[in-house]
Each structure stands twice: as structure tokens, then as C-alpha cells.
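Let me begin by handing over the structure; questions about it come next.
By written order: A, B, C and D. Residues from 1 in each chain.
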Amino acid sequence: MALQDDPARLDIANYPLRFTSRVLFADMDSFRHVNNVAIARYIEEGRAACLIEVFGTDALVNPSSERLMLFASGIIDYIAQAYYPGEVEVGTAILRAGKSSFQFGHAAFQNGKCFALADGVMVKAPHGKAAPLTAEERAALLRFNFGGGQ
Amino acid sequence: MALQDDPARLDIANYPLRFTSRVLFADMDSFRHVNNVAIARYIEEGRAACLIEVFGTDALVNPSSERLMLFASGIIDYIAQAYYPGEVEVGTAILRAGKSSFQFGHAAFQNGKCFALADGVMVKAPHGKAAPLTAEERAALLRFNFGGGQ
Amino acid sequence: MALQDDPARLDIANYPLRFTSRVLFADMDSFRHVNNVAIARYIEEGRAACLIEVFGTDALVNPSSERLMLFASGIIDYIAQAYYPGEVEVGTAILRAGKSSFQFGHAAFQNGKCFALADGVMVKAPHGKAAPLTAEERAALLRFNFGGGQ
Amino acid sequence: MALQDDPARLDIANYPLRFTSRVLFADMDSFRHVNNVAIARYIEEGRAACLIEVFGTDALVNPSSERLMLFASGIIDYIAQAYYPGEVEVGTAILRAGKSSFQFGHAAFQNGKCFALADGVMVKAPHGKAAPLTAEERAALLRFNFGGGQ
């Protein structure tokens, strides 16, 4: 099933964390549209912005081996093309928080039109080994629950 | 099911098209490992190298609206970390060729160890609308069949 | 002489074209600051934004061999470090418009502090050979003159 | 004076440190040539490879505030276009080693043709303040002297 089959995934209102960013000339490729990997970079930024809110800036900028969060799996559905010059808006939500892993949902828009949907799984892995999220960490993640208001 | 649950996916011998590339300093992020999006760039290069073999360089470098191939969906499982300095080897295969779309499988290795597996779907979409692959195109794709020798 | 030796170069007011952009997680490197090449990408975006104003979007997005503008030389002085998360503001001006080439000046700021200055030379080179700028093109460039109001 | 006015700068034999790297699809831009900033990334890699030889991998991958090397200024002359698919070869040399700073020279080639020349200045700046290079460090740098054999 494609991510876009769930109409709720296409509605920015369901993503509590949002940012807008300028598309750069360097984001285009020889197809003269925004490159697929550049879109992955915007999605990564949604994940990073959410992790900063939940775990603090150091978790991303000075990650310690004690509290390491690793990205385990990501899927991106490219449902339309995006263009330069312009802006993109990315919405991010937590879809699930499990024992030691949690799942992101993202949607990327240009001029109000969704052009990409993404899911991603992160694992808390201090010293490279999966370890349980604390109740506090799980609660902090779920403040950004999909469909939840902010 | 994770891509790595199929042991055949971890064997470079099953990917008919392979390339080796230098990891660049710019591929590292603040985690001081190879960044997840940089890995997506290597996987994209596997897809591109295969498309060049099948459809010719112009399909990638000077894509025409007549024969446009669009990337519709990609999944990457990050199963280990990769490091700088070093090299990566990426293997690419065609997993399926359907009516108007086809599916790539990729595996990325460093020092003989697989650190990422990926699947991707492309659609033949001249003028932005899905159109059937010709028998000749399908045959050309299947020359790079997963598990097939080259 | 370093670009920063001219105090006028450090004043955003002297750059008629300005944009603000989000620093992305991917812009950091293993030094956990904004990577030098990522800064070159912001500077390139200043150049691109100015070319779009002067020559139209097609000059950048669908460059034709008839009116090709090529980047011939660029210098960047890195005078401070920039950080993630945050924003950057880039100011761009035309320093000179010659017979077939013209010179950009740029300054990049974070939280009001200049962290990079850059100069760049572009050449009008239809079919890869230098050709004179028209009087109209030169006038359009000089609307973004360094120190000029907008 | 342009860097290319010195014919010695165009001769790969004068650069003791060399590497070859694959051009990736992602290195192209809408001009359908290798993007100027992608070329800056190859040049950065030449600098990084040399620093690893001189100061060890940790200086780049786990830079400590004690022995920090910061990039202060870079110039790149783009003297021809480079293309995808293909490879680039980058040669790197030390042009000068001063009290606390040192200067790199680079040349980038495709199919034996030089398409970019670059100079760069780095400063030893532990804790963000310039500090003198030791005699040992200066000697280690000068093992990669421009024009010197390896």
C-alpha cells in the first residue's frame, strides 16, 4: 500500500512540527526538477528538527555514545515533482513509539501541493546496541503524535 | 519484513551491476559516520548507472519528455554504519519489470560488509503520464535481473 | 588583501539582493559546524537568485546554449564559523560589469554576524565562447550594484 | 592573475597527492554538467586526504579543540566544464607552510584535461585561536610540496 492511499497523510494539519525552507539551485538535477535525494535531505531535516525538540540539540549536533539514536529505515514516496525556484514546507509527526524504536511520518509540500510522503524508523542505540526508550522519552516523542494538535 | 531478512539480498554476487566509489569528507555528518542521505546518493548512482546501461546516457543527462523515467518510491534499510575515509561498493539489480514500472534492488558494502539495502520503483512517464514499457525495454532491463550473471 | 579588509563588504546594507535560508542538518560536517562546501552552496544560491532577477528563471533552470552564463572563478573567505540549527542570510551585489564578464560580491550572516565573504566572476559564453554583454544586460546587472539601494 | 597562467599548475605531476573519484549523478545540475559546488566538494576531498596523511585521520574525523585546523580561504578557477558520467582526478600539493597557516594547491582533471584549479588556506587554530605550527608539522606538510616527487 502506498503511503498516499491514506488521505490523512496528505493533510499538513496532521503533522505537529512544520518548517519551511528555500529550495536551492543546488537541489536541482539534470531533470531540472528538485532531485530525489535533495528531497530526502528535506525529510531528514524534519526528523532532525523533531529530535531536537524531543531530545535537545546535543543529541543531533554532539551525539554521545550514551544516548545514540540511529536511523534504521526510511521510505519516500515521490508523488509529484517539485521545482526551483521556490520553497518547500515539511510536516513531521511521530506515528508510533515502541520499546526501543519509534516511527516518523513526513509530508512535503510546494505551493500547498503534497509532492512527497515519507516514513522513517529510528532506534535508540547507545554504544550501537538497541536499548529501551524511557517512559519520559516516549512521552516526549508522543507530544508530536500524528494528528495531534500542537 | 525488512529487506535483510532475505539472505540473497546481502550477497553482492546477485547484483549484476556494480560500482565502487570513494567516500568523500563531505559525506560525513555530525555523527562522524557516512550520512544517511549520502547513502541515498550512492544508491541513486546505482540506479543511474543501470538506467544508462539500459536506456543510454541521454535518458539521464538530457532526459526528453518523450521518454521520461520518474522515480516513484524508494526504501532504504540502514543495517550498519559506514565510515570515512574509505570506499563503498554498490550492487544494483532489476527485481521486477511490470507494465509501465520496474523495480530496483540495491546493496551497499564497505570493506565487504553490507551496510544498506534499498528498493526503488521507477515509472516510464512520458509527458508526466505513465506509459507501457516496450518489450524491448523490458528485455533490456531484465538483462540486469537480480541473481542473474553478467 | 582579504575581502574583509574593506569594512563596506561586511555591511548587509550594501547588498541589494538578500535571502534567508534554513541551515539543514545535512549542512554540518564532522567538525559539527556548517561545512565549507555547504557555505559555497549558499553563495551559489545568491548568485542564482540574482541571475534569475536579471536574466529570468530560464537562464538558470533551462539554460540555452544561445545565452549561456558560465561561472569562471570564485573566492570565499571564511571569517567565522556558522552553526546548526539556525538560519543564514546571504546578501548579493554586482561589483563590476565588464565587456563579457561580470563580478558578484556576497556576504553571509548568521545571527547578524558575517561568517563568509565571497567574490565570483561569470562570463556570458553562448556555445561556450565569451561574447559581449548587451547594454541592456549590463544595465540590468547594475540594478544590483554594490552599495546601491533597491 | 589567474591560477592557470602558471603552466606548472596544470601538470598533474606537480601534485604529490592524487585520488580518482567517480562523478555521481547527483553532482550534475540543471546545466547538465558537473556543478561548481560539486567541484568544490572534490577539492575539499583533496585537502582532507592530505590532512589525513599529515595529521592523521582523527584530525578530520574527530577533530579536537586542541589541534583544530580551520579552512580560512579558498579560490577555485573553473577553466573548463566537466561531465557525467565519468571520473575526476584531483591532485593536491602544499604551496607554502607559514607560521600558523599553510596553503594548498589543487588541480582537477577529467580524461586528462584540467577543468579546475584551486588554492586554499588553512590555519592551525586550537580553541579557535591561531597558533604556530610545530617544526614537525611544517616538515610533515612539506613532504607534499608542490613539484616534489613522492
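The rule is short, and it goes like this: a residue touches a chain if its C-beta (ideal position, glycine included) is under 8 Å from a C-beta of that chain, and two chains touch if they have at least 3 such contacts.
Not measured: the values here are computed from a predicted model.
Of all residue numbers that take part in the contact between chain A and chain B, over half occur on both sides, making this a same-residue interface.
Of all chains, the one whose mean C-alpha position sits at the greatest distance from that of chain B is C.
Once the centre of each chain is set as its mean CA position, chain B and chain D turn out to be 30 Å apart. A straight line joining the Cα centres of chain C and chain D is 22 Å long.
Separating the centre of chain A from that of chain D, both taken as means of CA atoms, is a distance of 35 Å.
Contact of a single residue of chain B with at least two other chains is seen at positions 25-26, 28, 30, 32, 37, 41, 44, 60-62, 84. Across the complex, chain D meets chain C through its residues 2, 30-31, 36-37, 40-41, 44, 60-63, 70-78, 81, 128. If you check the complex, the residues on chain C that touch chain A are 19-22, 24-26, 28, 32, 41-42, 44-45, 48-49, 52, 57, 60-62, 83-85. Residue ranges of chain B in contact with chain C, taken from their complex: 25-26, 28-30, 32, 35, 37, 84.
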